[in-house]
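Shared between the two complexes below is chain A, which pairs with chain B and chain C, respectively.
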Partner chain A sequence: MSVIGKSVARPDALDKVTGGKAYPVNFQLPGMLHGKLLRSPYPHAKILSIDTSAAEQLPGVKAVLTHHDVPQRKFTSVYFVPTDTKSLPQDLLIMSDHVRFAGQPVAAVAATSAEIAEQALELIEVDYEDLPAVFDPEEAMQAGAPQLHDGAENNIAVAPVMEFGDIEAGFAGADHIFEGTYTTQRAHTCYLEPRVCVAEYNGNDGYTINSSMQHLFGLREKLAFALEIPESNVRVIKPPYIGGGFGGKLDMSYIEPVAALLSRKSGRPVRMEHTRYEDFITTTRNPIKVYLKTGVKKDGTFTARYASSILDAGAHATHGAEVINVHGFAWLSSYHCENMKWEGKSVYTNNMIGGGYRGYGAPQACFAFESQNDEICETLGLDPIEFRKKNARQLGSAHPLVPGLTIDSYAMEEVLDRGAEAIGLAQRHPPGANGDGTTKRGIGMALFPFWVSGCVGFPDIYEHSGAIVKLNVDGTADVATASVDIGSGQITTLLQIAAEELGLPMAAMRMVDTSDTTTVPFDAPTHASRITYGSGLAIKAAAGEAKKRLLDVAGTMLEASPEDLEVVDGIVRVKGSPDTALTVADVASRAESPFIQFTDQGPAPTTLAEKGTIIGLSSMAPPSNPSPIAAGFVEVEVDTETGEVKVDRVVYSHDLGRVINPKGAEGQVEGGFQQGIGYALMEEIQFDPDSGTCLTGCFLDYKIPTAVEMPTQIESIFVESNEPTGPFGAKSMSEACVVVPAPAIANAIYNATGARLKDLPITPERVLAALGEL
Partner chain B sequence: MKKLIELTVNGEHHEVAVTPEASLLNVLRGDLGLVGPKKGCDAGSCGCCSVHVDGKVVYSCMTYAVGAQGKEITTVEGIGHADDLHPLQQAFIDAGAVQCGYCTSGILMAAKQLLDTTPKPDEETIRHAIAGNLCRCTGYAKIVDAIKLAADRL
Partner chain C sequence: MLLPDHQYLTVDSLSDCLKALRENGERAQVVAGGTDVIFNMRLKLFEPDVALSIRRVAELQQVEELPDGGLRIGAGCRLVDLVEHPLVNERYPAFADAVRAVASAHIRNIATLGGNICLKTRCWYTNNSEQWRQGVKECFKTDGELCHVIKSSSLCHAINNADTPLPLITLGAVLTLQNADQRREVPIAEFYRKDGMDHTVLAPDELVTHVTLPPVADRTVFLKIAARQGMDFSQAAIAARAAGTGADAPQVSLVLGSISMAPIQLDQPARTVEAQGLSDEAIEQAVAQVRAELGELTSLYARASYKSHLAKVLVRRALKALREM
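Up next, the complex of A and B:
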């Protein structure tokens, strides 16, 4: 292969190193107003009255909205499901008289400047009836707790149960039973570009929206639904790229519908941009408390596995009603066992709304099961690698999610062996035996044995993609897709796939950066590790169709059968006689030429069949949902006097099917571990226990790893199992590397100190408490 | 009440009317159309807005525009452009140091100050020099690589 597997430079990098002009945050329209939201200081309240008259009188204020002015149609904000889905509760309103979390918008202002809009907010008088609030999901399920939504008895939004085999018999047949409870915290994606949008009302119930988001068509669908207008009345502009997403921009937030309605009321475009504080209270990885019970034989074979998971959905279900299911899948699919049962609960509280975040329920699951697996191995004296190989799924066995499919690529053993070898797992010391005085060292590992390359098999989740590939007369190709580059390199990966299929060099490829929902086919969101596989297959199909037409025209010109032609590095040639050749530019020029061509011998007709732009179009769903396999290995240093944990070295081993861009893939791993280390050791959104107000609304209070906290050694090992259904053998990459760090670090801390930490984040206080020093 | 001030940015002279509390970042982005410096937190904690004032890297969100009068201000737009990249800009492309890129403008300015004063920094020095700039995509590994690469080429 000539382009696949090469670390080509990102086409978007040149703009980004010279100032980055194309971010949604830079988008402006003439006459644009600036909108701001007034947010409730109460976590649970009824609005008795709102007086906006003084705000409306302030010079520069052009429009004010309250719940009286917005449609009262309940919706789910989650992009990747149909708006009329039965899977997720429709429990959200653009604005409501019922406040369910501190920070919920209760009014909005559009003014000629952001400063005037902020001044106007201070002039709005709201009379609230303060209601009792509940912040703990287990308390929220108790009798007598405040009830937050009609129809959600005991505040339970959804309560999925999955079961197979005979769980009781499985536990009865176990030699040992292990139990544990593992808790995870609320963490923020910390995309650096704030959520921002510019909305313009076009008349006739129509709107145009520019937004920093992860799903073009999802925003169109959700906005139209909430505004009670036909879907095609909303036109969403595709940003050339956005400043980070990580799942945090996978749902419509309040600003898009509010900006749209403010634009309609004022007659001018309206821009709204979150402050960092607003971003911190907008979406989060849901906290989940997981109880695990596992039965094993003496040799480590699982006989029964039971889990129950309680997820804090916050004030509205949104992603929290789906994260719980994917979390359950991550646990159920992880290792083979004949007898399994899982009970999940997603619970309403008066906390902030949850959201999508890279891994989507899997980090919480993997932390629990890989912590417990380490405990099983340590207690029974089992080799951690052999234990995992014994229980993991196997190549050729049934796909745990999609009936009828099998696992067609699965290099689990190689992933484990190469990672263990690189870190020196076999040579590690027994727990607590490495280090002097107050400095202890340890090595730990975690396997994430089964995950996704998209959402095939999950009910109600969009999974089709489309693309347009068009050749130009100079031998270059333009590729158009609705798939949004959220920073992780979708533009590069997709262009490499198209280039390989077309036989063009990377320099000839260009991603169209000005498309919108009216000009490109539907594409599912940039999420669920799906772009390389799902969108990649659609790009490959469109490129394949363009190539077929290219070879048809070239066949006429070369007087050869198209089947006998190949395209290599921009040259169309007859297989076996490379001198009989044309450039792609020659062929594209011929196809685009007038019907009569001037030649050296004078005017000559070209054929009708040759005429027309060489173009390919696709819209399709992927055939499968192949699993990547990831293993993380870390070496840590624990200061037993201060409780501080430092990650010194990382080895990450991953079966991704085929590596498209090695440097890009490494970048995903290095960034993934940064987020995983932050999740393991320091990150937590915290609230005032009485008022429910966010206490960690800036980067001084919500700590994420800087260059100094990151390990200097991060080694990526890519195992290429060649997935038969994937584009050039590729599966998926970028979520698993966020999933494994926390359990690997917790297990390394156990190896260093003999203390088992079951609650995230593993702060110095928690380490000292576990060591009996607090 | 706005006040007319004079700013020298990337060698160009500007007169702008600003309020006393206007941040340099808002003036650069809003009044001068220099959108390279980015707003990531508006609180001096992410570094996306980093620019040079008299050769020293500052958070422009925490710098009053009125206080920058009479000083040389340099933004990322001032260190190179598409056909004439600064070696740091080229190295960021070559090393794969750019992902979402929202932090890139600021980190380039932090790195430039480092190389302006310490031409051959070791890794620890590099990491401390960019510790005031958050990146959420890269884990900093390829950013450190890029700065080393640029130092080698300079």
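Up next, the complex of A and C:
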């Protein structure tokens, strides 16, 4: 292959490092106003009255909105589920007189400057009736707790259960039973570009929206639903790229509908941009408390696996109603066992709402089961690699989540063996035995055995993609798709796939950056590790169609059968006879030429049949949902006197089917570990237990690892199992590398110190407490 | 998160600065590097009518070698200037380490020594934007009568997170404070007050103009522990100084920072090692005396038990480091 597998440079790189003019945060319209939200300082309250008269009279203020001015149609903000399927609770309003978390918007202002808008917020008088609040999901389920939503008894938003085999019989047949409770915290994706949008009312109930988000068509559908207008009245512009998403922009925020309504009221475009504080309380990885009970035979074979998970959904279900399911899937699919049962609960509290974040429930699950698996191996003296091989799923077996599918590529053993070899797992010391004085070293590992490449087979979730591939007369190709590059390099990998299929060099490829919901086919969101596989297949299909048309015209020109032609590096040639050749530009020019073209050599007639633009179009669902396999291996140094943990060395091994762009894939791993190390050791959105107010609303108080905390060495091992249904054998990459760090680090800390940490983040305080030093 | 309305006043000379301070008093906020002040103004933690920039006052940006071998450092010197200054590194290595430990290279490129010395105390209830502070009751810093950190306290318990004062205290540095009429010399050890609200003895019309360091031949060390290595305030930090060589330490000074409203000078542990030397046993005896010297600790930013643990660890490590010098 000439383009696939090469570390080609990102076409968007130069633009990004010179200011990134195409980021949505830089988008402006002439005459636009600036909107700001007044947010409730109280976590649970009824609004008795709002007086906006003083704000309205402030010079420069053009529109003010309260809950009286917005449609009261409840919706779910989650992009990837059509609202009318009702599979997720519709419990959200653009603005409501019922405040359920500290930070919920209660009024909005549009003014000629952001300063004036902020000033106007201070002039709005809100009379609140304080209501009792509950912040702990287990307390929220108890009798007498404040009830947040009608119809959600005991504040339970959803309570899915999955059961296979006979769990009791499984435990009865076990030689050993292990139990443990694992907790995870609220974490933010920390995308660098804030949530930002510009909305313009076009008259006749129509709106145009530009926003930093992960799904054009999802925003269109949610906005139309909430505003009670037909979907096609909303036109969502595709940003050429956005400044990070990681799942954190996988739902409509308050700002899009509010900006739309402010624009309608003022008659001018309205821009709204979050402060970092607002971003920190907008979406989060939901905290989940996981209880695991696992039965094993002496040799480590699972006989029964039971899990129960309690998820803090916050004030509205949104993603929290789906994260709980995917979390259950991640646990359930990970290892094979005849007898399994899982009970999940997603619970309303007066905390901030949850959201998508890379891994979507899997980091919480994998931290629990891989921590426990390490404990099982240590207790029973089992080899951690052999134990996992014994219990993992196998090539050719049935897909554990989607009936009718099989596992067609699964290089689990190679992933484990190569990673273990590279880190030196077999040579590691027994727990607590490496190091002297107050410095201990340890090696730990975690396997994420089963995940997704998109959402095929999952109920109610979109999974289809489309693309347009068009050749130009100069031999270049334009590719248009609704799939948004959220920073992970989709522009590059999708163009590589199209280039390989067409036989064009990368330099001839261009991603169209001006599409919108009216000009390109539907695409599911940029989420679920799906772009390379799902959108990649659609791009490949569209490119294939264009190539077929290219070969038809070339066949006429070369007086050869199209089946006998090939395209290599922009040259169409007869197979086995490379001198009988034309450039792609020649062929495209002929196809686009007038019917009888006068050239220096005289008129050059062409046939009617070959007239037209060489173009390909696709809109399709992928045939399968192949699983990547990822294993993380880390070496840590623990200061047993201060509790500090330093991740020194990382080996990451991943079966991704086929690597499209090695540098891009390594970038995913390195970024994934930066987020994963932060999740494991320091990141946590914290709230004042009395007022429910966020205490960590800036990067000073919400700690993410800096370059100094990053390991000096991250070695990526890509195992290419060649997925038969994938584009050039590829499956998926981006989420697994954020899932394995936390359990691998926790297990390495155990190996270093003998202390088992079951609560994230593993702060120095917690390490010392586990060592009995505090 | 926009800046409150204010007049931005730039002065070119110290006398103009002091005149402006005299005229505006508490209505003015001096801006040196601005890395902390501007951020807190955005939070509307204080809303001065006048932001008084001293960035162009060249006379505050000199490092002067004194005849006795000491240094007189202008408070307007940027941290990066000190980190790179050969005499600072040669004569006061622990101080240079403390300067180097502040925030990140980007911030040290603009932040000043005077700014770090005057750094406002911090608290995560109050160092939040105005809109969010409405959710919690008003505290001492926001014209209320309560501290969220210790509800029953009559004092503000916000933390003094400045790193550079710790070695300066052990080195016996003296600050020059000046107003339009007069100047006074205040040992930095007497500069801080144990009150998060009104945390220094600086008067509203005064400016810290210089830091004078006497010649010091003793062994010194600075150690910092933070939640992360890059770009962070300390959870606990220590500066230590000892005369003598080896285990012999006839004069010892130990100063802890970032665990309370002011730097804490540890007297008893210092006396213990002065009397008994820096043996492991004496060090452990000194460590055992640390907790009693810390007074009331809060769980602001980190649990009180963790802070007192870190204080002991730092004392042990600092004393052992001195012994090895």
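In this section, the second predicted complex is superposed on the first by the 770 of 774 C-alpha atoms of A that agree within 3 Å, B and C clash if a C-alpha of one lies under 4 Å from a C-alpha of the other, contacts with A are read in each partner's own complex, and residues count from 1 in each chain.
Everything that follows uses one rule, which is that a contact is a pair of C-beta atoms (placed from the backbone, for glycine too) under 8 Å apart; a residue touches a chain by one contact, two chains touch by 3 or more.
Please read all numbers here as calculations on a predicted model, not as lab measurements.
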Worksheet item: Now for A:K21: first (chain B), second (chain C), both, or neither, which partner does it touch?
Response: first
Worksheet item: Is A:Q104 touching the first partner chain B, the second partner chain C, both, or neither of them?
Response: neither
Discussion item. Looking at A:Q496, would you say it contacts chain B, chain C, both, or neither? Reply first, second, both or neither.
Written reply: neither
Practice prompt. Once the structures are superposed on A, label A:A707 by its partner contacts, choosing first (chain B), second (chain C), both or neither.
Written response: both
Worksheet entry | Touched partner set for A:I242, first chain B, second chain C, both or neither | first
Item to complete: Could you look at A:E773 and tell me whether it touches chain B, chain C, both or neither (first, second, both, neither)?
Response: second
Worksheet item: So, does A:T275 touch the first partner chain B, the second partner chain C, both, or neither?
Response: both
Worksheet item: Is A:N339 in contact with chain B, with chain C, with both, or with neither (first, second, both, neither)?
Response: neither
Fill in: Footprint overlap on chain A, comparing chain B with chain C
275-276, 700, 705-708
Worksheet item: For the complex, which residues does chain A have touching chain B?
Response: 7, 9-10, 12-14, 16-21, 23, 25-26, 189-194, 241-246, 273, 275-276, 486-489, 663-664, 666-667, 669-675, 698-700, 704-708, 710, 712, 714
Worksheet item: In their complex, what parts of chain B are in touch with chain A?
Response: 34-36, 38-43, 45-46, 48, 75-77, 80-82, 85, 89-90, 92-96, 98-105, 108, 123, 126-128, 130-144
Discussion item. Can you tell me which positions in chain A touch chain C when the two form their complex?
Written reply: 38-39, 41-43, 102-103, 114-115, 118, 121, 275-277, 641-644, 682, 688, 690-697, 700-701, 703, 705-709, 763-765, 768, 773-774
Worksheet item: Where on chain C does chain A make contact in their complex?
Response: 1-2, 104, 124-125, 127-129, 131-132, 134-136, 148, 225, 227-233, 302-303, 305-306, 309-310, 313
